[in-house]
């Protein structure tokens, strides 16, 4: 069950400290028109069945009476709109993502990592993953437009960072997206240490 | 049950290493006149029903025969006295709180964090959270007076630090206070890293 | 059961963050001619019985129809070929291994560690463990040849690092190999900190 | 049961990464003449009933046929001999203890920590805890003599470090000793960070 796999993902992320204090949000595509999204304000490490709602992909509007979707719904639905193969979008809020996003302007380059091969189409550690860093913005439509503009120009990245706010990534399935979170969070942690020791 | 939620909070904090070696203390408001507080000297990560006692909010005196309240009871009751909406006060003792409180004089500014929105009334990452840092003091009434004086002057902060001693924060409910601990401990950890890499 | 001990090892390594996102791989010698290896692409922290296959030690070829061995099979079988006493080879992919392997050319020297005594034949902290660091290479036969050449010249190390890719180590039994992973990962973590504080 | 409390202590320390790879050792006083000690070579995070043996406090000799005590038995028994009130001696092997012991000559001073109050007789954060650092030595009687000489000169510390080897501490009961480990490991971790940020 899709909500169950998001609940499990949340528990795993929580055990790592990646979803502190009602931050973060998760979604999964239900069909061409609808997605299941975490309700705003719930602790993503302790999700239950009541903590999800369905939204319309084209508008981001709630389809479940009385449930308020995450303020960041557009950041999920915009990916489902533009990428028909994406089935799950995950936003985590770890310390490395938060810190590195504040220290990096424009694009964070992840190079020389064997773990880059966790992403489809990447078959060598010589690959360079470009992770765009967007300024944080409480005006979500404006932030989503900045993300759209970047992707139109540079193609779909494996994920992106929002300054002081964390990581967005996705995959064809929940399993794939969770793997991408784990790979990116790992590489971000390595980057932090490379900057301090190297 | 209120003691149960404090026991659960303690287990969570213990799993993160935030309540080492009988440090820390927790309380919850029972009514206008009484609070439930952790007994001095018990390990806050392994609390049982016997590890709580009731105190009078106005005096800090124990209402349970034979049980000694935390030496820091006044730091809890002073918040209940001044803030009728506060229902829970939590003191944790993490490494980031301990280290940063020793490296910071006066006030620690937390800026640029999306997670600032975990606090009521904060709706933007552009908010700046001022966390006062008080010198440690075994004379608790004197320390409590310093806290009172600061709040009278600057208004209620989201929490404060005691040098080499940790973090105090609060919330309307135990859930809120736990979320505030998690958010502050996260931002303190980010600050430590920002100082070392940035 | 040998697969069970590899599954348990994987769970332990996962709890430490040493086997992120389908990285890593484990094997155990079945007899002179065959080894049991983890299937490519499975998450090594959540292995089940279906995630193993048997390979021929001399060729690295799969003996189980429909199951694809790890791309790195040769890095396991080459050790079984040259070292008859080795019964288990483990590859983990931790942050310290990944970062240090990128900061070190040639050989990483671990000196002054009491924990060096975790390895057979080492009875003093004055021992110096030489951990070769090989450049990463998607051409595994070529990488295996580089490992063979180094061992021919310098003798069998306690383990080796692949740049940006992690650690390989081994032991007579699964227990021994797991102990060697734990000891090396510990010393690598110490090295990271020594470089940043010392 | 005393062995049970040592097994539980081992599990807790293991969960923190403080007892890697068959390092560390624990003991508890049985009576004036005998102590219970962990057997050499067992993983201290996964102890069972079979992993303990009794030793004579005055000689350090095993009282259980076929079981070999830790090479470091003297470091335990010497404390029981000199301090009649000590009922438990614990040796852990954490990264902070290992790293700091290599960066510090003579004595590590822990000052300004509220958590110093975890130790009997300390009632203020203004206390300064002097933690001697001894050079590592495979000749345990010689190392024990160095410890004895220091204590004769300076009095009993709250614990001591052995270079590249870890921490020894003790308490009246297992609970006390575990609390002392937790407090010291916490302060050592703080020290590491203070040296890197402050």
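A, B, C and D label the chains in the order they appear, each numbered from 1.
Quick note on the criterion: a residue touches a chain if its C-beta (ideal position, glycine included) is under 8 Å from a C-beta of that chain, and two chains touch if they have at least 3 such contacts.
Just so it is clear, the structure is predicted and the values come from calculations on it, not from any experiment.
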Residue numbers at the subunit A-subunit C contact, same meaning over half shared and different meaning under half, come out as different
Cα superposition of subunit C onto its copy subunit D, rotation angle rounded to the nearest 5 degrees, comes out at 90
The distance between the C-alpha centres of subunit A and subunit B, rounded to whole Å, is 32
Taking each chain's mean CA coordinate, subunit B and subunit C are separated, in whole Å, by 45
Residues of subunit A that touch at least two other chains are 196
Touching subunit C in the complex, subunit A uses residues 16, 112-115, 118, 123-126, 179-180, 182-183, 186, 189-190, 193-194, 196-198
Note: in the complex, subunit D contacts subunit C through residues 17, 20-23, 43, 93, 95, 98-99, 102-103, 136, 138, 162-166, 192, 195-196
